[in-house]
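Quick one: the structure is below, questions incoming.
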Amino acid sequence: MTDSKKVIEIIKVMAEIIHENAQFLTDLDAPIGDNDHGINMDRGFQKVLSDLPGVEKDDIGAILKKAGMDLVSTVGGSSGPLYGTAFMKAGAAVAGKYEINASDFVAIMEAAVGGVQLRGKAEKGEKTMIDAMIPALEAIKKGVSEGKSPAAFLADGVAAAKEGVEYTKTIIATKGRASYVGERSIGHQDPGATSFTLLLESIAALY
Amino acid sequence: MKKIINEASQVEEQMVEGLVKAYPDYVKRIPGTTVVVRSDKKTGKVALISGGGSGHEPAHAGYVGKGMLDAAVAGAVFTSPTPDQVFEGIKEIATDQGVLMVVKNYTGDVMNFEMAADMARDEGIKVDEVVVNDDVAVDGSLYTVGRRGIAGTVFVHKIAGAKAETGASLEEVKAVAEKVIANVRSMSMAITPCTVPAAGKPGFEIADDEMEIGIGIHGEPGTHKEKMQKADQIVDQLLDKILADIDFAGSEVAVMINGCGATPLMELFVVNNHVSDVLASKNIKVYRTFVGEYMTSLEMEGFSISLLKLDDEMKTLLDATADTPAFKKL
Amino acid sequence: MKKIINEASQVEEQMVEGLVKAYPDYVKRIPGTTVVVRSDKKTGKVALISGGGSGHEPAHAGYVGKGMLDAAVAGAVFTSPTPDQVFEGIKEIATDQGVLMVVKNYTGDVMNFEMAADMARDEGIKVDEVVVNDDVAVDGSLYTVGRRGIAGTVFVHKIAGAKAETGASLEEVKAVAEKVIANVRSMSMAITPCTVPAAGKPGFEIADDEMEIGIGIHGEPGTHKEKMQKADQIVDQLLDKILADIDFAGSEVAVMINGCGATPLMELFVVNNHVSDVLASKNIKVYRTFVGEYMTSLEMEGFSISLLKLDDEMKTLLDATADTPAFKKL
Amino acid sequence: MTDSKKVIEIIKVMAEIIHENAQFLTDLDAPIGDNDHGINMDRGFQKVLSDLPGVEKDDIGAILKKAGMDLVSTVGGSSGPLYGTAFMKAGAAVAGKYEINASDFVAIMEAAVGGVQLRGKAEKGEKTMIDAMIPALEAIKKGVSEGKSPAAFLADGVAAAKEGVEYTKTIIATKGRASYVGERSIGHQDPGATSFTLLLESIAALY
């Protein structure tokens, strides 16, 4: 499905899409958070981008791990440790591999979601990125098990993530900063769920 | 956005530089980091580290010095610092007695500091932490992330810092820090929002006759909006919530009236006038009062009230000598 | 006008009350006046009194205490106190060594303080005065009222206060105060106006992309408006004027970066970062730096830079112990 | 021309007119001063008003002196010592008199203007209350010397004071707070000259 080179390409697209949406993500964070999610993510992915030349020859596991470490050390806030851990765990899941297939991709996604839950202890329904990640993971798993093409199962994943984002509008946050505004969080979509969806779209864009 | 800055992207860097250039006799920067440490490392005591996003000045770097913190780590504006930065701070200040991290209860802060602690433990450094959660605006029982840490954190710095200075063990310093945390409660309000430089627009909008009650310290909206009221009524509302959370009656307290950044000191004194009267009427004895900017949110206009219920140990430690850029006690 | 106050007419009264209730170990109020004095009268030394309109908090009551002022008199917001109030203060603090009035150079302040001095002299009290005029924005030669007194006044309080504490004579204390005045220069700018509570509207209007250069401390417009610039350029402009007025090259200076009331401390540190660099480049050695709110104008957003050219005597006195609510030196 | 009772009445009118014009005077002080002249004057004249019952039986000199002392102790700023001294000196000029004539009135005015100049050291043309006071004094003197009625010479005085106020618009301030704004003071009328004119109008209103 994917080699190291393509992973590098995907990460470039991620950085680009996050950069383009930085203001949008920050604006989403204003009413229910602290007005910085896009700024944080953009800072992180710019660092990841600038470090790509150094890992171009590495295996996919190493590339993802480096991205995770960069995110941990530049994003800060909640999303830094969460996305950072997600990428690092994803890297560990495919350590040493220069080429991955669909079931490796499922392993990556499972490791990423597991990493976020390990750090953040959020379940579905708490209005976090988890509400986009878990549905996306399930849709991708289903698609892969049905033998769908990467383009098809990634599209399923994106659709599920987007539904997850919509769902976050309907619920009260009980994790993260949005929990502080209580009922006022209803009607607003979660910035982290949104950024996750953008990242997944970045992958899908290359299939 | 009209601000006295250069590029928005340089603001954290230039702030840290401006601070260490102002107070070289107190603090220095670990090169290549946003970590500020005491200019003369103090050994033979537990080392204290705290930090958080920038934009809360003088917190936290202003509290580095004798009798308070050994290091402060500054993240981007309102964004918790990253683990590697915290780790650099821990390594620099670590003593045989160990390191205590004073963390404010935010998901991001807790995760980043704990990741740093893991890194330090891997290198054999003794690290422990306390998590400050003084803000009664957000109810700990309803929301699983619990109460936030706000201005009451400065009392933890002061008292745990004084305890560490006595040569107490990590366990003892942690115990007194937790005693402060258990006995301090705060609540905030604001009448204007603030603007994260890199975001370029305010965190919330508010009408000319409205105020936000229960705000945090990151420019985020509060628990609810209300029609603007007189200072005394606002004080009554905040104090009601604080006094409902712990029974302060008959005890001695330290009071902090903290300005959020743009509040004239005059107004903070007007606030203290009523706070003082209300406490007297409820048989709560004020032992010490601190009025000023201790934990700000950029140019937000508003204030928080913190009450710390004191015992003899905390009184002694609160009164112990401190000499830092932003908090001094002779 | 959105302010955290009760009735606008009560704001001065409640501010003074809130202040003395916050710091009873430092200060008390002379009943029936707006005069704040040291809680324990210090005899055997020259007594220092200062004051001005309210709205400059922590000036001046925040500087009453060991090593600085013996009394501070607060007028209505931005309005010089009346002679009878100043007279009450003088009577209360007067010692055999005499009383020195530290007056800022405004027509009103000078007239009111001098009337008070006349009243005190009629009762046999030895009174002298110094008039602070550090503001280089207004040129002393063109306008017959001369330069204004602004944040540099705090250096006069500190250094003359320390001198008085040594038991020096009135002549000696006055001489060192005048030395400070001769060697201190300041200049201010603002990006927002402020609103006198009783007036209900701001003192000037300013566009989103403009700043006022050369403002005073009473919410009045400055010498001119300009397009908003970056912090470093603003600093260059203010420093140019200050450095043109006295030759500081090769000397040691104390620097004060003073916030006007609503300026985030973060921005003051960004300002200090460049001030420090410029001074270094001009071979001016920074001996001490003070960054914070020392002489405010309600909720005005802006800052002033003050430079004091030091000699050995001033250095020693600047570093002498001070213990007041708003200025402490260990 | 005037007995103690009438002086009391005049002062009441002064307090009323200053109160009505407090915002106006404060607004005049904003562009070239510190936005408080009306607030200051109003605070002072309200105190004078409240102390009138205690001096009703006194001579005119004592009444004016008490008003002056009240102004000194409540107005503050520049106008407090200036108007306070003006009233105190005016009182001294007619000490012991329960009834005054036109030439006493001239003495009162001369003493008042002298008091302001003694304290404030301003000459004509410095954009202060002096620019209304001196023309008014001269007009009144002339009127009295021509044997005009109080109503007539007071009207002359008011007209001259108003011209003085107009004149202040055309000049740069070199005294008081307005001097700090330099050229920017041009085009704005002086608040103190304006308040003086209102006080003179208060006298004229009763003739």
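The letters A, B, C and D name the chains in turn, as written, and every chain counts its residues from 1.
Criterion: contacts are C-beta pairs under 8 Å (C-beta built on N, C-alpha and C of every residue); 3 or more make two chains touch, one makes a residue touch a chain.
Fair warning: this is a prediction, and the values are worked out from it, not measured in the lab.
J.: Counting one step per pair of touching chains, how few steps separate chain A from chain C?
T.: Minimum number of steps from chain A to chain C: 2.
J.: Distance from the CA centroid of chain C to that of chain D, rounded to the nearest Å?
T.: So the centroids are 32 Å from each other.
J.: Based only on mean CA positions, could you tell me how far chain B sits from chain C in angstrom?
T.: Here chain B and chain C have centroids separated by 28 Å.
J.: Using the average of all C-alpha atoms in each chain as its centre, how far is it in Å between chain A and chain D?
T.: Those two chain centres are 75 Å apart.
J.: Residues touching two or more other chains, restricted to chain A: which are they?
T.: Counting only residues that touch two or more other chains, chain A contributes none.
J.: Find every residue in chain B that makes contact with two or more other chains and list them.
T.: In chain B, 77 touch at least two other chains.
J.: Name the shape of the chain contact graph, picking from line, ring, star, complete and other.
T.: The chain contacts form an open line.
J.: Touching pairs of chains, all of them, please.
T.: The complete list of chain pairs in contact reads A-B, B-C, C-D.
J.: Show me the residue ranges of chain D that touch chain C in the complex, using the header's touch definition.
T.: Residues 26, 30-36, 39-40, 43, 72-82, 119-120, 126, 173-177, 179-182, 184.
J.: Going by the contact rule set out above, which residues of chain C touch chain B in the complex?
T.: Its residues touching chain B are 2-7, 11, 14-19, 21-23, 54-55, 57-58, 62, 77, 191-192, 194, 208-209, 211, 228, 230-232, 234, 255, 257, 261-274, 276, 286, 289-293, 296, 298-299, 301-303, 321, 323, 326, 328-330.
J.: Quick one: which bits of chain C touch chain D in the complex? Just the residue numbers, please.
T.: These residues of chain C touch chain D: 53, 75-85, 106-108, 111-112, 115, 137-138, 142-145, 148, 196, 198-199, 201, 203-204, 216, 218-224.
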